[in-house]
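Consider the two complexes below, in which chain A is the common component and chain B and chain C are the respective partners.
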Partner chain A sequence: MAALEIFVNDRKVACESGATVLQACRAAGVNLPTLCHFKGLSEVGACRLCLVELEGSPRLAAACTLHVAPNQRIRTDTERLRRYRRMTVELLFSERNHVCSVCSANGDCELQELGYAVGMDHVRFPFLNPICNLDASKSEFAIDHNRCVLCTRCVRVCAEVEGAHNWDVQGRGFLSRIVSDLNQPWAESTTCTTCGKCIDVCPVGALWPKHKAQGQFEKRPEFVSELIAKRGRGRP
Partner chain B sequence: MATTVTINPVTRIEGHARITLHLGDDHKVHEAYFHVNEFRGFEKFCEGRLYTEMPTITPRICGICPTSHSLASAKACDAIQRLIPTPTGVLLRRLAQAGQMLASHALSFFHLSSPDLLLGFDADPASRNILGLAAKAPEIAVKGVLLRKLGQEVSERLTGKKIHVLGMVPGGMAFPLSEEDRAALLAQLPAALETCQMALGILKGYIDSHRDMVASFAMFESPYLGTVGPEGALDFYDGWLRWVDADGGVLAEVPPQRYREFIAERSMDFTYLKYPYFKPLGFEKGFYQVGPLGRVNAATRMSTPLAQAEFREFRSLNGGRPVHGAFFHHYARLIEMLYCVEELKRLLDDPGITSTDVQARGHRNALEGIGHTEAPRGTLFHHYHVDDTGVLTRVNLLIATGQNNPAMNRAVLEVAKQYVDGERITEGALNRVEHAIRCYDPCLSCSTHALGSMPIDMSLYSASGEELDRARRS
Partner chain C sequence: MNVAEWEARAAAARERMAASGTRVCVCSGASCMVSGGDAVLEATEKAVKSAGLEGSARVVKVGCMGTCSQGPLVRLDPDGVVYQKMDASKAGRVIDKHLKNKALLRESLLFAGPAEPGVERPSEHPFYARQLQVVLEHCGRINPEDIDEYLAVGGYRALYKALSSMSPEEVIGEVKMSGLRGRGGAGFPTGLKWETAYRHVADHKYVVCNGDEGDPGAFMDRAVMEGDPQRILEGMAIAAYAVGADRGFIYVRGEFPPLAIRRLGIAIEQARAAGLLGRNILETGFNFDIEIRIGAGAYVCGEETALLISIEGRRGVPRPRPPFPAESGLWGKPTLLNNVETYAGVAPIIERGGEWYSTIGTAKSMGTKVFALAGAINRTGLIEVPMGITLREIIYDIGGGIPGGRRFKAAQTGGPVGGCIPEQYLDVRVDYESLVGLGSMMGSGGLIVMDDTTCMVNLARYFMEFCMDESCGKCVPCRVGTRQMHLLLSRICGGEGTERDLALLEELAPYCREASLCGLGQGAPNTLMSTLRHFRDEYLVHIREKRCPAGECAMAGAPAGVR
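After this line comes the complex of A and B, so read on.
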């Protein structure tokens, strides 16, 4: 692939054409917060945490879905971006019922880390306190929609890597829910292979091995990324 | 003309409480109510969650006895899985429990109660706390603080957290204990033992020099409940429930799974705490006491030598029969504190304690589970019902302070009768009423007011609602 140059925060960065701005930034050591992005899976640009400013455009762009172009000028750390990122994280917290202290992922959670990273000391938006379901029907795993941030990593890993496509999204906006098959209890799914990849990629505690207590299990996202790399890019 | 005296709120107990004393026409106290106005609805929040999460959720009920909740919860989970925890898992659970009991008892005695005893009930309230104690008797205060710290360190070393424990899981414990942690804890035990003996010395000295006051302070007889192991030995972790009557006769000795056959509860209109009672004796006669005095009065013996010697001396106060009077909760608490240190030593010396075989694993195999254990303040029950996926459908928590609630009311009444006279409450009378409650070391919510910084507001009303007098301190 042809090499080209872009400017990240006025610094010249060399990258390959076809790369995303997120890839170029990370390769150059510029950190960007992400949530829905998962190395090796397709990009959906859903969480809006990787937003950057693009010179010449009035709108912010998601770095994970924006492709590099010659002499593109990107800003990753402006006052406006910091404000939006913090707001986005607060909105994520306010949308479902996140109770870190009793969550299975407490201490090993990307949402929690994002909260720290953006300096969130409280949530300025009213909590929606939706009534969400806990599906513990499966003997190995459980999914708790109270904690889901709708990143759809589970949907993508299941469809693109495992090839099972057990998970999908139902509904719109804040009424969206992750569903198993055609919204059946997980245990009744005819597609789930019980591989556990969704457990490893879930950034929060929404998916977890039922019999593991807080602090007792570690997610292995790298394992899934390595697997994808070994196999070549996931299936269509 | 009846009048109502309100003491509000009580300092240095966990949470908010309010006391009202009702004077009769003779200007003597006729009735006393200890109100608990908090309603937390914890049982309801838990419905819909997975039972295996309960050992993590329930320690959030209280910052003083989180280990007990986690433990009772883990035992209820064991029952739901029909699982026997591994021997090391049991040793570690016992270790965590002894550590918490030590921390809680040390807090109760040194921080909350000893200022009253050492500085006097009538000392200035502004300095009648652990800081005042530190100024007057620094060596005692420091030792007390260190003892509590050791108790907290046990859970920290076991689980990585000082207060809200992690690590209790169905089938045992989540993490093993390292040799290094074992050694670090063992090294602190000799000093801890000395502190416990010092505390016992202080209390016995106080009893000797205040015989009349101690003998009459909130004195009433009642049945007692405690958990006993083999040959009637006091046990915090496991065993059978034993109720004894005021003379020490065994009223019932049953496995904890049968608790519902023996304990009934009644709601009262002046408090959110329910009134539990021993069913076979009925509501009027059936109120019993739990906690240190309940356990030490219900047991036949202590399983460690120094605590056993203290136990015999204690019981000899009443010819070997149960010892009555709210004040003796302090005494029993200190005997237990000594037992905790001896028990820590026994557990840490056990070669099995550092094994990595900490957890047995299982799945839901029952639809119901009862977990029981002794919390610092008394017998604790967690009772769960789950559906076939393990989601909780019903949760019942029977807590220790609830069971002591009728006794606390009685103690307040006895003390008020003795010290409150007419339409005014002196500072000393107010403090004694508070101290009667403090004997039970009640935990009414998660908040800690260890420095007694909450104001007291005391009002005196006539039957027509007119305020006759008001005393306040902040």
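After this line comes the complex of A and C, so read on.
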């Protein structure tokens, strides 16, 4: 692949053509918050946390789905972007019922980390308190929709890496829910192989191993990314 | 079918139409059907038969005639006289009086009311006289279920012209010259889009027609699909020739009454049987066929990337662009996607030339636009006007003004993701740029007129609810943002809003517009933002005085006696 140069916050950054702006930024040590992005899985551009300003374009673009182009000029840290990132995190906290103190992922949670990263000291929007189910039918794992942020990592890892496609999204908008097979209890899924990859990629505590109590659960997302890399598939 | 056969068939059809005497055209548009068009059709046929007029009159079912508020409608051609508000017995009287006794049934003439006489020559009435019909020229005049009638009025001449005497580059050049822009909402230059699809080399390419029309109250595309489906097929075939595609899809909203889908199906079958779709079209070696795909009624499936994913059989959810469909669309192949009205405008452009088309309209918005007039307006219906006409002309001259002597307040264009235009801008020229400049947009052609009994805060709440319900749920700003904005707007409408809620709304709106993934989330705050821009005082009265100036919102937090 040919090398090319882009400008990130006025700094020249060398990258490979075909790379995403997110990859170029990270390689150059410019940090961007992400949530739906997961190394090795396809990109969906859904959480909008990695938004950047692109010179010459009136629109903001998600760095994870934007490809580099020669002499592209990117800004990653404007006042507007910082404000919007904080709003995204606030909206995610307001959307469902995130109670860290009883969550098995407490302390190892990407949503929590994002809250610190964007400087969210409180949530200004009304909490929406939706009624969400918890499916603990399966003996090994459980899914608690109160904690789900709809990043669809589980959907993608299950379809793209495990090849099982147990997970998918049902409904739309605010009523979207992750479902097992055709919305059956997880234990009754005929596609789930109990491989546990979804547990490792879930950024929050929505998917967790049942034998772990509050704050005890350590995820191994790198393991899944390494696995994908070793198989020679997926994105770097 | 070769050229000679096709020309002979068109000539025979023309003769047949001329020889059939009076054509009794019964409107089978959606609105007339709802108000009893079926019974009128049956009664008309019976009356013609029992009067023994079968030799000199023929009853034809046609598409929407435009003056929907006066339906069910019957028009007698070639006289051009239109009778309104028909029912079975009145239809019998029309046949008796007009056909047998050669006199007008005055009390049923179009626009006849207690105060005014009906019109004898509808084409001279401002409703029609101020219009310019290009896309709708055959709609309401020919039988949409008979390809011969389409051939008789010159159908497929443009396709033949393109196939026999123009290169794909020349076709694209003509469309570029015409200045035609996408009629599905965004107004992207059609010729440029065709050129992009043409330039991308691939073993297969597709042409897709967006017939998902989901804006509440809009029925422009549906009227064309029901009233002149062959026109769409011809436009798609010309486009396919220009970009090098061999397969086409029409994506139609499944929630529509079955008429549009049925008529498109009949049209495709008849075109295939006539050799105007399929292999070796008009013996020019050009192959192209079209299939119908029926959507399940999600508004977001009108968004182009979601629509294509839905055609592929997957969950209809937008994806980021680029790549644009013209580069990588259906099954990864270059795919040209245009709106129904866009395709329906192609044949006249090829036949009469891009230059002719470009003389209609304004410098940047050329040609004509179809609108569906709805809401607080005397003459609701379907109209086609040259771009650059003023909103006042549309509402007062064509639409006949506001009923009940009430005052015009605002007009919503662009549907739920559009915006409102208040009274002081009634003289705005209707073109893409001017409407955007006022914080609204052209959209696909829905035009809802509101009088002073409409609360603008409630309007914003209503359209926000629509966007919230139709959000696909993929991206956070739209999924949660619309939900929060709807909650805050509901509070204000309910008399429980605070100025802090208003501040939050003003923060969420630009965020949702700029950070959302697709046009739904980006457009969802538009009505909110435009009502805040033009009617901010109404918001403040709701918040500070717990009062709804238009009297539409029931105020929970209002002191006793105040509503």
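FYI, the second predicted complex is superposed on the first by the 233 of 236 C-alpha atoms of A that agree within 3 Å, B and C clash if a C-alpha of one lies under 4 Å from a C-alpha of the other, contacts with A are read in each partner's own complex, and residues count from 1 in each chain.
Keep in mind that, in the parts below, contacts are C-beta pairs under 8 Å (C-beta built on N, C-alpha and C of every residue); 3 or more make two chains touch, one makes a residue touch a chain.
What you are looking at is a predicted structure, and each value in this text was computed from that prediction instead of being measured.
After aligning the two structures on chain A, examine chain B and chain C and state clash or fit.
Overlaying the two structures gives chain B and chain C room side by side.
Looking at A:G18 after the superposition, I want to know if it touches chain B, chain C, both of them or none. Which is it: first, second, both, neither?
neither
Is A:H211 contacted by the first partner chain B, the second partner chain C, both or neither?
Touch status of A:H211: first partner only.
According to the contact criterion defined above, which of chain B and chain C contacts more residues of chain A?
C
According to the stated criteria, A:G163 is in contact with first (chain B), second (chain C), both, or neither; which is it?
Neither: A:G163 stays clear of chain B and chain C.
In the superposed arrangement, which partner chain does A:A136 touch: chain B (first), chain C (second), both, or neither?
first
Check whether A:R124 is in contact with chain B, with chain C, with both or with neither, and answer first, second, both or neither.
Touch partner of A:R124: chain C, not chain B.
To the nearest 10 degrees, give me the chain B-chain A-chain C angle using C-alpha centres.
120
Least CA distance chain B-chain C after superposition, rounded to whole Å?
In the combined three-chain model, chain B comes within 25 Å of chain C at the C-alpha level.
Please output the residues of chain A touching chain C within their complex, sorted ascending.
44-48, 51, 59-62, 65-67, 80, 83-84, 87-88, 91-92, 94-95, 124-126, 128, 150, 152, 168-169, 171-176
Considering only the defined contacts, which chain B positions touch chain A in the complex?
Where chain B meets chain A, its residues are 48-50, 52-53, 55-57, 60, 160, 164, 166-170, 174-175, 361, 363, 389-391.
What residues of chain A sit close enough to touch chain B in their complex?
Interface residues on chain A, with respect to chain B: 101-102, 104, 134, 136-137, 139, 142, 187, 210-211, 213-216.
Which residues of chain C touch chain A in their complex?
298, 300, 315, 319-320, 322, 468-484, 487-488, 504, 507-508, 511, 514-517
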